[in-house]
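Reviewing the structure listed below.
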């Protein structure tokens, strides 16, 4: 956006239709406020008569009432149930169409639809909300094509606030009431008409079209005074200095239990929130599973399914966990993830909470101003409060069809698929990265790469649900579609010149195998290499022949142990930590890499720490939490991180107490 | 199947925290025995008449689980103690110990050990601390195994 | 339990080709037939589905009869007579995946309101010759009698969810039957919250989604026919309605088609029982 | 349950016949049939109804009129609109609430939707297989796919109407005392025009299709009862008339009929005060109100030349339903065309005491509701009389009359003929069950 050059003009109320005409002449459909279902909603407008003239709104926690304003202004309200994300990040977006035919599986991304829209009556807080979502939807490795296209195709006509609702607190969040950046045109409504100024080249073009008389000084002053008055009425209900730090340090505050008693976990707050962007992907198919479609729809961290992960475990089972995730995300971890607050102070979540929970009140109790924050549970990361500027470019997702070569049945429920491809991007995968594997009619699970070959990739998959079961059931010469590779892999180089410790539990060995390959390919670069492998039973051991071969080598050690076994098993029985909890090697010379069940990793991490392995040299992978793989769905948040975007590989130093913390 | 970590083979079998005099006294009290693979060292429910420290090899501690199957709950490996029931008054073995490979152990005959402990408080407390540490480690392992059992109950 | 069943193993393979068409049965107990009618309401897919499954028992639609075995048995209706209790136990033994359909089978149905009343009073009120009529004191969900592998909620069930369940069944994937609040569907549709904007009492926040948020979309509050969702905080909602002038008589809200299911029942009891109980007490007096 | 069609009983030869159909199929709800003939004399002809009782008349006690509208719908998933319409009209009549003409039109449209859905279901999925010799429509589709698809398409349009006006196809949510919970925009209603036009075409073809069927010959003189309205085909309102001259106001149903309980049924049998059975439903309506049929339906009926047969032979009810499919679709088209959105969804009203009695025409025939509202406007007593429990006695009478004609047939065929006869009344057993007067005086 550029600073306005054209003089502010004045548009008489009676001639407001000229703005409609100008916007329509610009080939745009107009979305703006109108009365429906006893509320002021944003919907398509064809005529200024549809504006909520003479109406205003009274809000309170859990209440919203449309009432006459007593004057015939059209924008005499604060914000309503609709937010602009309905048009920039719609509730339902088709993602892919997949087909299985003679040639194999083919997945096509659905082209983004981007109608030319003009948003009329966007408030200062809503402008900031749009900017915040722009950053959130572009924070992943690709960015979201649909959202970007819709934003690029939209023109924003802002409206300075003339009134504040009881639930407004933009002054505290620093997003209003005065319109700052992000608009193309900015209007201020006075009794007899509108002061109009351009805030971008596109805005200037429209303003030029209108050919307005310049606004008189008293008119521009009246407009400014109006905004100042709104600011005065609001005050500063939620002091935000140091709020992110205070909140981050209050994860165990007793108030979380109190609010959970009232909270319905109905998700209304997140759905009316103009910045909340979380989604879930659903699949549909024909009766034969030959053609399938995927689409994403608004979801919420308040729904139980949102925290469900493979094996029906759930990392946010309690309502308390979900409320804490929402509030801490909005006001604290959002800074770490996107470099700004996630709240703009519009107050929608307060008015539209069916039981009137007021976040302002909760914040003041949980993270009261002026109180020194306790120790931080994790270091600030990765944006650390720096909003990206300019926004990163957006790339379309690539769906690559690959063919199954060998199928190795590793255990009763686990197979390794050897996939052939000449796709350079896939072949460029790094150890510890993962791909999204798609078959028509099935959910799309993230699968870690278990071997990177010059001519393809191996995926080792455990059947833990219908989608993975379908993958495990694939035969040689079948095809599937891959996206990726995604994620930050193992920092192999970081271990150069040092001892290497590898701890694997069950299927966790799969993402570690490419690391082992990399180390062995350049063995002299590393010191002693020690592998500690755990499995549930002898029958659950992965890559048995290969591991036995490694065990036969003089230049590395492999010890393994199983949880339980019958008499036929002559190896060790117990837990993986028993393999090294009495070891005498010097952990300070070692870099450790771990993957396995989280409890196993916690126990192993404790033992490694005792042996002197530093937290910043202890690397774990948390891939089990991922859903979309590209940092847009919000499912895999752990404290300040998106696992798919910032990980899946993390050091314990990065994770801090987020590692293994229940309910986070 | 893979060999065990060579590191553990070089572990000083007695805890480094143990006073040299006490350690020396223990080595003198103990008697090095070898159990060929398959030897039943102690039998579940039978008398537990000696405490052992494995210096080489492996003893599988097994129990009859419902259904009559014989399951290995845990193995005692180089540096591990077994048969600590010998220090308890009823001295009954709670699991069977079977050498799954050729195994060497430093074995302390119950009567001798208890007499020596009765005679030497320093020795007694050192041994109790030693055994307690071993028990604590075993309980930790068992706890993790239990958690894993419950977790796997969730899985389809 | 609410979790969807794994599809019958032969259908796990991603290929549509399956060795054997699953044997499907549809039976009813105390109910209105609306949920099984929903099967026939899948007008566009009915014949295609019928080609992919083997409908061996569905008295409302076919004269073929079978007493089992069934790969999938859809059970409509609540258990409210002694014969029904015996029959559902028998059916369980010949059924691989037992799927309850509708509020009667999953929650006891509207007829479970009588569970709060005196059974004899109810029988005598409605029948001059109660002796001719056989019924148990309580109308209860199927899960109170036998293990249930999956449930389709609703009064009636949603054609969309039934379609999803059947497609998942024949393609071997896991049915997507979200266990979240009606509010999510309501907001996705862009419906203005009737509770907040109009003060209409609405059970949407504590009710499982799946209907399409029909009631709010038609300008009235959700009456909970899909039953309580997970961690349904009916206590908090009841307290709010009680405090706001929106709902003078809060117990009525919960005393609907899923009244007997845990969280609703607790709320009703806390509010002094369903409407009609006072009358019941009055009656058993003079009866 | 049983693995064969029909069931049980010992076979019949010559003058003896014993038929037990333990579980009637292709009817709504659970019923069974017992027919016993000795030496050519019918000893027993029973339609047994053992659907579990649900005590609705007790469940609505203490409820508000709007709650009752939601609750009584659950009596029957096939014809919930019939229950909602009868109840809502009863309350509005009893409380003296004026109804906007457009609201009344929408309600009639809603009812048309249910008639179309219910009749299409019965004609194509339940009854037609009997005439063509299939155990089900799904089997019939193997050789007559086009017909089954046409039937489903017709049924779907009925559902679309109920879904639009009522919110969903089964147990609609929008009917409220005084009107609806929401105003339908004309643009929404117009969306029905296209589907209805093709539905009318299918309905007319259906008449041709069923006119060509060959039902068993069985002529008897039954007493037919239906509503009659001076200016429209009976649906939402009218006076109760009969083929033998009865003519009373809908609210006076009790003056003309009475109910009694029989040991073999959870339903109540209704008979005329004179003790004679009577029959409701499409054949009765066609017979008693043919002159009020939509012109298109009237022409269609005339073209078949079977008006008399519909009156005398119960098997021809399938044709009566086909004619009513034409009538309902044709009228729905007119209603959609004429619709203008009312200013408000419903007329405001005050709860209070009232006696609320009304009758409407469900797809299966006349349905009567009678409520007493107490001072707070809550239901104190309720009485609901659905069509099937009124038809039960007439059905049994027809069975007894028809039985001798099948004595010669092999039992298998005899059973099928009898079952087919029962299906021709489209008995809705879910409805029929557990309806008895809330009559404390009769409590022993």
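All chains are identified by letter, namely A, B, C and D, in their written order; residue positions are counted from 1 within each chain.
Keep in mind that, in the parts below, a residue touches a chain if its C-beta (ideal position, glycine included) is under 8 Å from a C-beta of that chain, and two chains touch if they have at least 3 such contacts.
Because the structure is predicted, anything quoted here is derived from the model rather than measured.
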Common touching chains of subunit D and subunit C
none
Taking each chain's centre as the average of its Cα atoms, which chain lies closest to the overall Cα centroid?
C
Which of A-C and A-B has more C-beta contact pairs
A-C
Take the average of all CA coordinates in subunit A, do the same for subunit B, and state the distance between these two points in whole angstrom.
50
Where subunit B and subunit C are represented by their mean Cα positions, the distance between them in whole Å:
58
Chain centre separation (subunit A, subunit C; CA means) in Å:
35
Would you pick out the residues of subunit B that each touch at least 2 other chains?
156
Hey, what residues on subunit D touch two or more of the other chains?
none
Among all residues of subunit C, which ones touch two or more of the remaining chains?
6, 219
Hey, how would you classify the chain contact layout here, line, ring, star, complete or other?
line
Inter-chain touches occur between A-B, A-C, C-D
Quick check on the complex: what are the subunit C residues that touch subunit D?
28-38, 40-41, 43-44, 46-47, 50, 55, 57-67, 77, 80-81, 84, 109-111, 113-114, 117, 122-129, 132-133, 135, 139, 155-156, 159, 211-212, 214-215, 217-220, 223, 225, 252, 256-257, 274-280, 283, 286-287
Per the touch rule above, subunit B residues touching subunit A in the complex are 1-8, 10-11, 58, 60, 62, 69-75, 77, 79, 98, 100-101, 137, 140-141, 144-145, 147-148, 151-152, 154-156
Listed in rising order, the residues of subunit C that touch subunit A in the complex are 3, 6-7, 12-16, 45, 48-49, 52, 164, 167-168, 170-174, 176, 178-181, 183-184, 187-199, 202, 204-206, 219, 230-231, 233, 236-237, 239-240, 244
Touch list for subunit A against partner subunit C, complex:
36-39, 41, 62-66, 81-82, 86, 91-92, 100, 261-268, 271-272, 282-290, 297-300, 303-305, 312, 318-319, 351-352, 354-356, 439-443, 465-467, 469-470, 473-474
Contact footprint of subunit B on subunit A as seen in their complex
311-313, 464-465, 530, 536, 547-548, 550-551, 557-560, 563-567, 569-575, 577-585, 597, 599-600, 603
